[in-house]
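Okay, so chain A shows up in both of these, paired with chain B first and chain C after.
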Partner chain A sequence: MSSEEALAIIVSLAAAALLAVVAVGQGLVPVASTDLTPLARFYLLNVYNGSSQLWGASPEVITSILWDYRGLDTVYETAVFFLAIIATLTLFRDAKLLPETAGSGRGMTVIVKTVTRITFVTIPIIAASIALHGHLTPGGGFQGGAAFGVAPLLLITAFSLRLAAERGWSKGKLLTVRTAGLLAIGLIAVSTPYIIAALGGKAGIGYVMQNQPKAWAEVGWPYAIAYAGMRVLFSGTLLFLNLAELFAVSAGLALVFTVIAMPTEVLEKGGGVKK
Partner chain B sequence: MFQGPIIFGLTVNEILLAVFLTLALIFTYKTLVERDLVKAVVYSGGEAVSYALAFVVMYAPDLVLAYVAVGLGIYSALFLFVITRTERYEKEVVEA
Partner chain C sequence: MVTDALTLIGQVLGCLGLVLALVGAVNDLIAAIGFVRFKNFYLRLHALTVGVIGGTFYPLIGLGTYALFCIAPPLGYYVAGVSYVTAFFVLITAPAGSHAIARGAHRAGYRPEPAREDKLAKDREEGVME
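Take a look at the complex of A and B:
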């Protein structure tokens, strides 16, 4: 350990001790206040309260905030993610995914391959349940998509990119799924007045990313359907937005991993990258 | 709200949070000083797990689901891909 490291550790410990002394002097402040802030109170009172004008029709407050109350923020976040992936692809724009140029195809040992065969099926199931129950339980489209993204990653690392290429993966197909997901989000964002008109209702004004009807914009998505004597809650736009985000994020991550896993010489040829 | 027993004036959640964040600090330090980059990625995965557990203690399951997949799975894998294209061992910096 060098003297700089020792000095850094001593300074950090001294700062921590000082903070602790200050905290104890103040009566050791709790990690987070157990009182609800006015904002938290608003969401808890309104999100799953059918008599409220500002309800989100979902018992999951976080998903309601992400896709309903602050829906535009999430659309922009998705767009930023999309642009980041497009930028990555632009770097290697001419790199083709072909079985002949996708590496040796040897993969890892038989133990890793056997375990991957099992997890490669279970990971998408978990991811789908995270995304499809996103309006009921913790989770949502991005979480589901990020979990799904691990499955192609495992396939590429354990079985090799060559197998993926032989099974028909291509950059174009993945990009199509990715773009379709983003397009679906965009269409849902502006859909509310058109949905009502299509269902035979009177088309009124709606706003971008509208889920449930409001006093000043009296159109909205239905939030439940009757099925086999039960009422199945799907929370208007939330389920469809989660589903679209699942496709967009998982295909985007798979695309990036496919590109990154290509052999160096293919990437150098494809992107015009000089040594 | 359920708090559980109070130990030394702290709730169980606060003690767990302190443990997990200290663990994260140790993992962060080990990541910084490790010369073998593959080992450093493993340490940074441990840091991600510690933070995920801290999020569990702070009642943020939505964050945990995204954080485990991104912080432990995707982030580590990206770094391993990058390391395969460069050198595995960091060299000592020779001061001029």
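Take a look at the complex of A and C:
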């Protein structure tokens, strides 16, 4: 054992001992303060409080903040992500995804392929569960879409891009899904007065990205439906926004992974990339 | 009498689960030492697999068994189900992952050392495998 290794071991042991002393000295309590800030107290008091004027109709505070209290912020965030993907596509604008030019199509060994077949099925299920429970448990559309993004990556790495191209993937189709998702978010953002009018209520003036009615803007989405004797909570716009975001993000990530996985010659021929 | 016996069996299985978790901790320590001390890539990969299967799969199975028998039913079933499903996926994905890493390394030109015979390299030269 060299002297450097001995030194490294001594330093790590000393750090561990210090950590233990600190933990025991504190009585093993969290180091951060457990007091809530006024802002946190406001959200916790209002977000699932039906008697409050400022409620979000969802027990999940973070989703409520992201899609309701500061929903415009998230719409812009989605738009920025969309622009980033458009920029990637502009860079490789004429690179076409065709089976003949999408590599050898050999993929990895049979071991990897078999395991991928088993795990592949679970990815969309988990993505849908994260996105559709976004208004009840931690998670949401973006997280579900990011989880779903693993599926095309796994398919391309384990099986090859050529298989994806043969099965009918194209940049245009993925971009259509991506744009439809963003369009749905935009429509939901301005939909609240129209939804109320369609349900037979008194149409009024609402805000952009309004979820529940307020005293000064009395329109809002319904937040639950009765089904088979149970009350199913869907928190107004939150479920639909999560669903639209799931489609937008998963198609966007699939698009980027597809473009990145194309052979270099195709990208060089079809884009502004020079050797 | 029967319920007493069942409780006892449950407690024994719960203790077995805890023992598995302890075995997993020991395996993790061994894997960490091996990961630092082993000489080259393929030997380190061996330590990595010990860490994943011994250090993740065993504790998850142990945790699931403990939760099934020693935590009150609704919560215990959730924890056990999640543990067993995760353990299953770790069990099937970890070998595939290390296989893919080893294959990539071999294709990139790293040769196992010390090795008496490298049949994969021979097959690749003869064109049996790509």
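The criterion applied here is as follows: the second predicted complex is superposed on the first by the 243 of 275 C-alpha atoms of A that agree within 3 Å, B and C clash if a C-alpha of one lies under 4 Å from a C-alpha of the other, contacts with A are read in each partner's own complex, and residues count from 1 in each chain.
Just so it is clear, contacts are C-beta pairs under 8 Å (C-beta built on N, C-alpha and C of every residue); 3 or more make two chains touch, one makes a residue touch a chain.
All values derive from a computational prediction rather than experimental measurement.
S.K.: Using the overlay on chain A, decide if chain B and chain C clash or can fit next to each other.
M.R.: Superposition result for chain B and chain C: fit.
S.K.: If you stack the two complexes on chain A, which partner ends up touching A:257: first (chain B), second (chain C), both, or neither?
M.R.: It touches chain B, and chain C stays clear.
S.K.: With both complexes superposed on chain A, which partner does A:37 reach: first (chain B), second (chain C), both or neither?
M.R.: neither
S.K.: Just chain B (first), just chain C (second), both, or neither: which does A:90 touch?
M.R.: Neither chain B nor chain C is touched by A:90.
S.K.: Comparing chain C with chain B, which touches more residues belonging to chain A?
M.R.: Partner with more touched residues of chain A: B.
S.K.: Does the superposition put A:112 against chain B (first), chain C (second), both, or neither?
M.R.: A:112 sits against chain C, while chain B stays out of touch.
S.K.: Quick check: superposed on A, how many Å separate the nearest Cα atoms of chain B and chain C?
M.R.: 9
S.K.: Touching chain B and also chain C: which chain A residues?
M.R.: none
S.K.: Could you please specify the touching residues of chain A with respect to chain C in the complex?
M.R.: Within the complex, chain A contacts chain C at residues 106, 108-109, 111-112, 114-116, 118-119, 122.
S.K.: Would you mind writing out the residues of chain B in touch with chain A in their complex?
M.R.: Contacts found on chain B: 1, 9-11, 13-14, 17, 33, 58, 61-62, 64-66, 69-70, 73-74, 77-78, 81, 85.
S.K.: Name, in rising order, each residue of chain A that touches chain B in their complex.
M.R.: Within the complex, chain A contacts chain B at residues 5, 28, 30-32, 34, 62-63, 130, 138-140, 142-143, 146-147, 149-150, 153, 157, 253, 257, 260-261, 264.
S.K.: Please give the residue numbers of chain C that touch chain A in the complex, ascending.
M.R.: 89, 92-93, 95-96, 99-100, 103, 130
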